[in-house]
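This is the structure I want to talk about, given as structure tokens.
The first chain written gets the first letter, and so on, giving A, B, C and D; residue counts start at 1 in each chain.
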């Protein structure tokens, strides 16, 4: 990007912003309260050579300001979905600050359910079942929305085999014809929507909900001969059922559950008792694309 | 305990065992599978002076054996509840090994729910909403069962105040008449049941389920002037409603949600936008006892 | 403690305060800077029945105030050592607030070393090698100082055996005559000093430094037949060499390093290649006391 | 990559392997032992369409085998450096298995220092000061070596300013003319060496050691007007001093240390007492390149 003739070094891709701004937004519907709980990270790029070379901050909007903007926007615009909130923020930074040419907003959303019995209107417990994530990139010309989820732990207690693999000098693994298959789903999918004129945005919440359901269904319903096959089954199910999605990447650790050898104790282990191992673990990663679509989700994104 | 006349040092309380044995037990009800997922830690005490003084392992059952026993018992006895499984293990070690006089079994249970739509019989997703824990101590004469839960995050978006407190030279906190109250519940309760002759054991699963519900209800339904009051409301609700429980200890971090000052941006913040802070946090801890009951849950246990 | 006749529940041991206040104190010696970096947790007890029963905060000094006090004291008194800083705080709360009868201050200290070459005066890198901790309890009558360290990972690559242990139906472990012995040291020691008239306080920094050295030396120099023996060797070395210390508790996970079976690949493994396992791990815990001293360090403290 | 005409979905970039194999290698130099402690992750790519589409494992070398290979290679070849060990593994997988076209080996190395006083030959304590990392990619035609470090926490207690920045409606930050600058360095640098004929490989250990020193020196010696400037100073120092390195990427969180307002207590805070905040934090990321070199380190790599 920049050149600094007096030196052999030059600046490449760079970005800056405030990471992990934790914003909770309460909305009152009479006595009935609603909660949105986000972790927002802003990364801005643009005409930033000077600040790197000389420390001149003339083009730098402070990261503290990006944090303030998150809070102010939560008040001014509310939070309808992480994707929509990310779009508002991304456009704002690029539109309002001339030196900023590109904004990337990453959001984690933590979900809550109501507690306390009938009639309780403002009490919540945080739920599990994975964390919803979204990433919006806007550069003044186009917009890209990637959504996803992570830390969703799933397990099939049967209908998984693993055999017929290559063997070399270092192969000792016995073939398995009935094993546990368990993983922590980390996935990101990219919407085709690019904010072009006349284009209607997806219903972000409905799309998230349905995509999550397809992923769970495909995991549960695939009779698996390899985690790769299950992964592809999950990814292709989404592509085939959600026309608004052009690309999906999944990172699936193979959380090994080893059958414990109980024979020294005179006991048979008929796929009943397992040791759940921590490390090492298999790690299966792939992108599934709609035919004709371009691959644009970085390989590392599902490892974050 | 021991004396070693040649030295000024002597051995005090000691224990050893295998910590964090991860056991998953699958049970088949025809095609329909059930899963139990535990993390089991064993701590044994007894006649252990020699191993400390000379390294003689003559009285030491290896920690590897305690791990094997967990797996073998999962097969031989199944896992009906963490309390019941802990009882079986604790009695076994004390009964079968003369030098071992006391066994403490700690268990975490991770819960799963079915996924994949109607008819799926062997597919599960791990749930959130806190982790169930149990501790069983058996010393040959008596038995003590402590159950509990941790990492259950709850929040009231109103009906919480904090004012009328002491002020000194270092007090700057403004009084609050409507604030968010949020915490991660960590609690342990002790059953009166001690395995005496003729005594019937509680229904561990029902007791856990109902105690958890009382805790959530009391949290949600208490109009709070301090987190101490909420804590006591939660603890006393359990003591008053669950006769099988004699003592409960709670450790409740005050997860601060600070109202963001939006006035520099010309915006009012009518209890809508909050910053969820990490550290520091308030920490409120107390034991609530049944009248006449003895306090026996260690103060640190709810910090683990 | 309290009785509440209308109810079956009563309040037991309780405490409250601000946990994990992160304070960094810079001291300038001309251009040369010094840094102290602490994590301070305050827990106060006393006449606190009302706040639990009714929510009246009349006896409650806000946790926010305890946080402010930490910062103000860092300015007013500086930070010479975590023990000394804890003493100042503990005495302050008990002395200045009538309802507060007991204060417990827990501190972690993170250490830094100078970087940047000769002459750099204000640049630091955080070091590893474990975290120093201290706990001061003051109740108006007496004072107790416990110091310690945690997360100090050590390993002997030989001079460790494990054999001659008890065997039962579930024992499969082969005896080991040359194994790796590795652990994360977590330990707390108690000083005899109780702030009585005429008593001189230990040199906290020197005592910490020397105790740490004795622990490392004893770990390294003990030819070990069990981790219990090594533990006792470490604890007794401290008791025998540091007259100011009356009691020490250690919690030592046995971080298993399993010799990998390379024979399927036609390779011999002459104690060269190991798998470092995560879970499960052995956990060996014990207190070592000076003859005649009372055991007062809670068993759970070294698990925090 | 693949096309599957019956479907709208197709497979994109994919890789698989065993992650986080923990290998410890002891070498004996007479009684004097040496230790190498690595965490090795293997990711293989190639002709893997079938396993995704049908679950046929005919082209799949099991991840268990990649784990075994790590252990066997530790015995057969020893571990001279993470880079060299990664090279051996990467070449092996591509060379020995026809369907595998590309291997990426990622390694973390944990460092140890000797303890126990003069003459102790086999006792070690794990050190801090960051974790060394390396990544080797080999695809049969070329080789790319990226090295780096992470979790190295550094702090300047003065010589840092921040002012002259852009201000908008949401800017409230006061300018700072003397602040603490602290960060956790995460960095990766790419060597120009590509294993071409006649090319001599760098001395990996010396290069790592010197690059680390340059990074620390540049951090300490830069009078900073922005963290961007410090980052560029660190990156360009490496490019200018280490001819074997063509590209370096840094990810530097701005670990905020806020000056505590002590004025309510009648105290002045002359840059003495700071609150070390957790979240949110600034995050400054950039690549620095040798003039003419291509940018090839993925932006996300320094976030892992």
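Here is the rule we go by: contacts are C-beta pairs under 8 Å (C-beta built on N, C-alpha and C of every residue); 3 or more make two chains touch, one makes a residue touch a chain.
Remember, it's a predicted structure, so these values are computed and weren't measured experimentally.
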Item to complete: Please pick, from A-C, B-D or C-D, the pair whose interface repeats that of A-B, with more than half of the contact pairs identical by residue number.
Response: C-D
Worksheet item: What is the distance in Å between the mean C-alpha positions of chain B and chain D?
Response: 38
Response to the item:
Rounded to the nearest Å, the gap between Cα centres of chain B and chain C is 22
Fill in: Chain centre separation (chain C, chain D; CA means) in Å
31
Fill in: Residues of chain B touching at least two other chains
22, 68, 72, 170, 172, 264-265, 278-279
Practice prompt. Would you identify the shape of the chain contact graph, picking one of line, ring, star, complete or other?
Written response: complete
Discussion item. Give the list of chain D residues in touch with chain A in this complex.
Written reply: 3, 7-22, 41, 43, 48, 51-65, 67-69, 72, 96-97, 99, 162-168, 170-173, 224-229, 231-232, 235-236, 239-240, 247, 249, 253-254, 279-291, 295, 298-301, 303-304
Discussion item. Under the definition above, what is the set of chain B residues touching chain D in their complex?
Written reply: 169-170, 172, 264-265, 278-279
Discussion item. Quick check on the complex: what are the chain B residues that touch chain A?
Written reply: 22-27, 33, 35, 37, 68, 71-72, 74-76, 112, 115-117, 120, 122-129, 152-159, 180, 216-217, 219-221, 257, 260, 262, 264-265, 267, 269, 271-278
